[in-house]
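Presented sequentially are two complexes of chain A, the first with chain B as partner and the second with chain C.
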Partner chain A sequence: MLGDIASVIVDGALISAVYALIAIGFTMVFGVGGVLNLAHGALIMAGAYTYLSLVSDSILASVTLHPIVAFPLTIVIVGLISYGLYVVLVRTIEENVVITFLATIVVAIAFTELVTLVFHAQPYQYSVVPGVLQVQALGTRILYVELAAFVASWGAMGLLWYYVTKTDSGRSIRATSMSERGAMLTGVDVSGVRARTWLVAGGLAGIAGVFLGGIGAAEPTMWLEPLALAFIIVVVGGIGSIKGSVAAAYIVGYLQTATGQFLGQSVRGIMSLVVLVVVLLVLPQGLYGTEFVHE
Partner chain B sequence: MSDREQTGRGIGRLVGRAESVLRDTLLAQGAGVVGAVGRPAERLLWPVAERYNRRLGERFGEVTGLQLLLLVVAFGGLVTAPLWGQDYLRPLTLGAVWAVFAMGWDIQSGYTGYISFGHSALSGAAGYTTGLLVLHLNPGLSLFVTVPLSILVTTVLGLAIAVPSLRLRGPYFSLVTFVTVLLFYRLTKALSEWTNGLRGIRVDVFTYDLTLQYYMVVVSMLAVAATLTYVGRSDVGTVLVAIRENEDAVSAAGLDPTKFKLWSFVLSAVPMGIGGVLLAHVNAGVDPQTFVIVDNSIQMIAMAVIGGMSSILGPLGGAFLFVGLRDVFLVGLGEELRWLALWLLVLLVLVFARDGLFRLLWRALGALGGDRR
Partner chain C sequence: MADPTSTPSDRSTAYTNGIGRRSFIRAAGASAALGLFAGCSGDGGGGGENPDRGGGISETVTIGHLAPLNNPLGIGSKRSAEMAVAEINDDGGIADQTVELVTKDTRASPSEARTVAGELVRQEEVDAIVGTFSSEVTQSIMDLVSEFNTPFLVTGSAAPSTVTEFVASDYERYKNTFRVGPVNSHFQAEVISQYASHLSDRHGWNTFAVVADDAEWTTVFRNRLVDLLREADLDVPMVNGLATDTTSFGSVLDDVDEVGADAMFRFFAHINGGPMAARWAEGEYEFGIEGVHVASMLPAYYQLTEGAAAYETTTQSGAAGVTDITSKTVPFTESYMEKYGDADDPPSKPMYMGFVTYDAIHVFKNAAERAGTVDQENNLDTIVDALLQTDFTGAAGQVQFYGADETYAHDLREKRDSDGIITNYPLTQWREGGSLECVYPEGLRTAEHAAPPWMG
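And now, the complex of A and B:
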């Protein structure tokens, strides 16, 4: 029992960091452009498959990179995919919320088919950091990949925090999400800010994708779960709030790990839905958010 | 501005120019030819249309002569399909079932702008109610029992989703419906002692006579289409569209938007129930892959988008076009490539013709008539 509790505490802390990373990207894109990017899950999947193609010799025989090289390269590639998605597609339709909404989910589904076409439907297992850490004192064990995911996620969040509070380029992102008109009046290039946000959100999704694929497996349906999680976390934390996303990611992460451990894996998602409904009814603006209003 | 951004803008400009060239040359000439044939035809048909408008126009919308011709030809084509398309009866039957889904989605999401990703959970609920009743209660249960019960369960589930989520504005509703579908899918696996998991439940077909089955489905579809068109053109439909355009204005007019949104969900759940039952019997079974998965909700949305959201008959046409491409015309491309092509088509419609292909066709036919009214 003690071991169970310890493993919930440790596992919850580790996986919640990745959840936070997913939710932050999702909420940032919403914050600056009012766009709910339903292709965010697809970007996560792109991260997993890009990394897989770069390190494994079974996909692209000519390309086998060391993980140290492949990891940053994956982040850049997914960031650029996200950027491209904004510039080519979303920018032309973003004035209509509903159309954008639908277009991004169609992109996600189309991407699933593309992945199935290229990589086929079977799941690919790959290891990012092999090995297991036994914690005798707590009677639990930690996969190194989970530990690496935790470190990388918090590292990325730290860098992001530095970026959005200390640099002009990052602060203009926060300014735009607070008040678009205010940002415009102080000389912020709002269009550029949006594109930059998509780039950053894509990079974060890339990191999350590498580790989610490493902990589970890379498969064409792997985008659904993270996307649903991002929804739940963002609603609980308050749409548009980075701080709220981190807090809510830990609430949802712990809740999922605990229900998975004590009530069984099949009810894992149900608790999150219950929380989602309760939050919607009691605290519709979330922990740290203002309610989304159509303009 | 960075280089990449310039490239992006450049692409946008290029597409824009191609579009205008297309419009100026090809379409203009095409319109000339079509106009030369269309205008006399319109003059010929106008008296008939006028008679229709006088009797039914108020309830189902006024039409011009050519628009009426389109409706009559489409209706005639559907009714006589077993004579000319015996080989295509199966896709046509499926098209009619999906048309029910697309129209059901449209009266709720298309009209109010509260986009639901959860409609496959509703059709799944209907299919599974029928399946579970047949499997666990009595295999010989009459359709007169299973069909109303399935529709009832679907409506109750619809309200259970709608009541907590529709009080909220904006994207929350969509988020909840999306999560609901994922959960429903999980449940079909978690409760596999009851639902047989991925294998699903076998259900008897209505009849082995494909022609009879086709007519059963098409008649149901036409009934749904007529009812929803009537509702869409009524005061209720006007309020639903008003909610999409400006919810505050609806409140200010003394109408409770939440109440209307809930009603739109009921209006939507009933067709979803009908469609779910039809699909269960046409497919001779119900399983998560053909009913519940979120892709199915997206397909309904895609049909409505291709046809033209918030027009009821647009999604109907969109459904036949989508199923036709999916099951007949693009089959040669192979599984993944076919879907990729379909989704790209939907994306193109969303970006370049967001009003939908059938609404464009409808307007073009109307414009040929000139300014008569």
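And now, the complex of A and C:
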């Protein structure tokens, strides 16, 4: 029993960090542009497949990079895909919320089809950091890739924190998410802010994708569950709030892990839905959200 | 039980696909052997209804094929169906008539399956349907195809309810349906329990954990299998269902470890157990991974898991063509690989549904020739009787069906050796380097089952 609790604490901490990374990107894009980006999951998948293509000789025989090179390159590529998605598609339609919402669904589905076409419906596994840590006392084994995911996620969140609190460029993102009109009046280039936000969100999704694929496998449906979780986390944490996303990611991650451990793996997803309903009823603005104000 | 028309199948050991092989003499011989057919369709029956049929005018027999083409299993099935049809046409077709194949994609969805099955029976007016991968899809189209009296040969799904709740419970309505393979999951559970006894004899493994997709098809493994194992004096300290979208396996493996299992029987069709195998191999967990795992049947699975698959086993009809289940198993597999081994799209081998579909088309050909008609609208009973007489040596094994009055009416009969061991549902094991060995049953074995080297 003690071992079970300890392993829930460890497992929950590891996976929640990745969830937080996904949710932060999702919530930033919504907070800044008001866009509910359902293609966010597709960006996660892009991270996994891009990394796979760069490191594995079975995809592109001529390209086999060392993980240390491939990892940052993947982040940049996925960030640029996300940026491109905004500049080419979303920017022209973002005034219409419904059309934007639908367009991002179409992008997600089209991307899934594309991946199926190119990589077929086979699950690819790849190694990011090989090896395993035996934790005899807890009766569990932790993969190095899970530790790496934890470290990289917190590293990325730290950098993001620094960026949005200490740099002008980052502060303008926060300003825009607080009040677009206020930001404009103080001379912030809102359009540029939005594009930067998509770039950053894409990079974060890329990191999450590399690790989710490394712990599990890269396959064309791998984005569905993370996207659904990001949804729940963002609502629970408060839409637009980075701090809220991190807190809610840990709540959802721990709930999932504990439910799986103590109530059975087949119901591990249910508790987070219960929390979602409770939050919507009791605390509709979420943990750290602000009430919507009509401007 | 001799089958007068199954002899031509013996020549199918030579699988050349050149069109030049079609010979008039062979066609003439076939049609002579099928005098019955000519007579019947000339006299009335099919001939009466359809003036094109009979009278020596060459016509086509159309076979519909349903499979999920977004899944390598479905593609393997499609290619195998094409190979079977090409062979039959090379040998003179079905009673002199050219066979045409129409494949439709079910996208693994019951509603899509109903749409495309409707196209097959209404627009294509097919003479038979083969295929369907999941039991949900199979059962969703049974009403429709039975309306049209279309013989339906199921080749992918294995839920016993397809026959017990349909064919056996309302025979007049569903007599058009047969299941050509694999053995239904009631018998699959028995195979696994017999295999567990084998593992006990070989390695002294007596404690087994059962972990399964939380889905209908695994119910029998979570109940009947557990009873069978306990009857055989084997311990089952853990039975666990996993959500079908499970992607994290740390706590499951820890739990299996904790209960002291010697092996874990996992039954995954929805869940991809590849990441679990990777964690198991990295962490050198002290138990074997055995059972049924659809992803593990992918010919590329060893590469896809970067070698983590080594030492895991799965059952699969056809045993991936690595052993001579019949004289046709290996030649068929080789001929498939020659054709598709280097294709861009997976799979590079037929996979289980491919073997069964290939056999099903030959089974239908033989039955149609025995019946002397493919006119199911008027002669379904004759065709059904002919199908029931089937005793066909296929690539996946001997095909015989349970009779109309039996519990598993129209279902593939399991084959047993003199000790009662079921032999037509073999297990394969991945080995270091990516080779695949058949490890069970004894008669088909290409290598003894190997325990993971890290187990003491």
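In this section, the second predicted complex is superposed on the first by the 290 of 295 C-alpha atoms of A that agree within 3 Å, B and C clash if a C-alpha of one lies under 4 Å from a C-alpha of the other, contacts with A are read in each partner's own complex, and residues count from 1 in each chain.
Following the convention adopted for this analysis, a contact is a pair of C-beta atoms (placed from the backbone, for glycine too) under 8 Å apart; a residue touches a chain by one contact, two chains touch by 3 or more.
Keep in mind that what you see is a predicted model, and the values were worked out from it rather than measured.
Participant: Clash or fit: how do chain B and chain C relate after the overlay on chain A?
Facilitator: clash
Participant: In the overlay, work out which of chain B or chain C sits against more residues of chain A.
Facilitator: B
Participant: Using the superposition on chain A described above, determine whether A:277 touches chain B (first), chain C (second), both, or neither.
Facilitator: Only chain B is touched by A:277; chain C is not.
Participant: Looking at the overlay, does A:116 come into contact with chain B only (first), chain C only (second), both, or neither?
Facilitator: both
Participant: Looking at the overlay, does A:267 come into contact with chain B only (first), chain C only (second), both, or neither?
Facilitator: Touch partners of A:267: chain B and chain C.
Participant: Should A:215 be classified as contacting the first partner (chain B), the second (chain C), both, or neither?
Facilitator: Touch partner of A:215: chain C, not chain B.
Participant: Considering only the touch criterion stated at the top, classify A:106 as touching first (chain B), second (chain C), both, or neither.
Facilitator: The answer is first: A:106 touches chain B but not chain C.
Participant: Does the superposition put A:124 against chain B (first), chain C (second), both, or neither?
Facilitator: Once the two structures are laid over each other on A, A:124 reaches chain C alone.
Participant: Kindly list the residues of chain A that each of chain B and chain C touches, one partner per complex.
Facilitator: 116, 224-225, 266-267, 269
Participant: Inside the complex, what are the residues of chain A that reach chain C?
Facilitator: So the residues of chain A touching chain C come out as 3, 7, 11, 15, 58, 116, 120-127, 130-132, 134, 139-143, 212, 215-217, 219, 222, 224-225, 257, 260-261, 264-269.
Participant: Which residues of chain C touch chain A in the complex?
Facilitator: Touching chain A: residues 70-72, 214, 240-243, 245-248, 250-254, 257-258, 272, 274-275, 278-279, 282-283, 285, 295, 298, 300, 303-306, 308, 345-346 of chain C.
Participant: Applying the document's contact rule, which stretches of chain B touch chain A when the two form their complex?
Facilitator: 1, 4-5, 8, 11-12, 113, 115, 117, 164-165, 167-172, 174-176, 178-180, 182-183, 186, 189-190, 247, 294-295, 298, 301-302, 305, 335-337, 339-340, 343-344, 346-347, 350-351, 354
Participant: Would you mind writing out the residues of chain A in touch with chain B in their complex?
Facilitator: On the chain A side, the touching residues are 36, 83-84, 87-89, 91-93, 96-99, 101-103, 105-107, 109-110, 113-114, 116-117, 192, 195, 224-225, 227-228, 231-232, 235, 239, 266-267, 269-270, 272-273, 276-277, 280-281, 284, 291-294.
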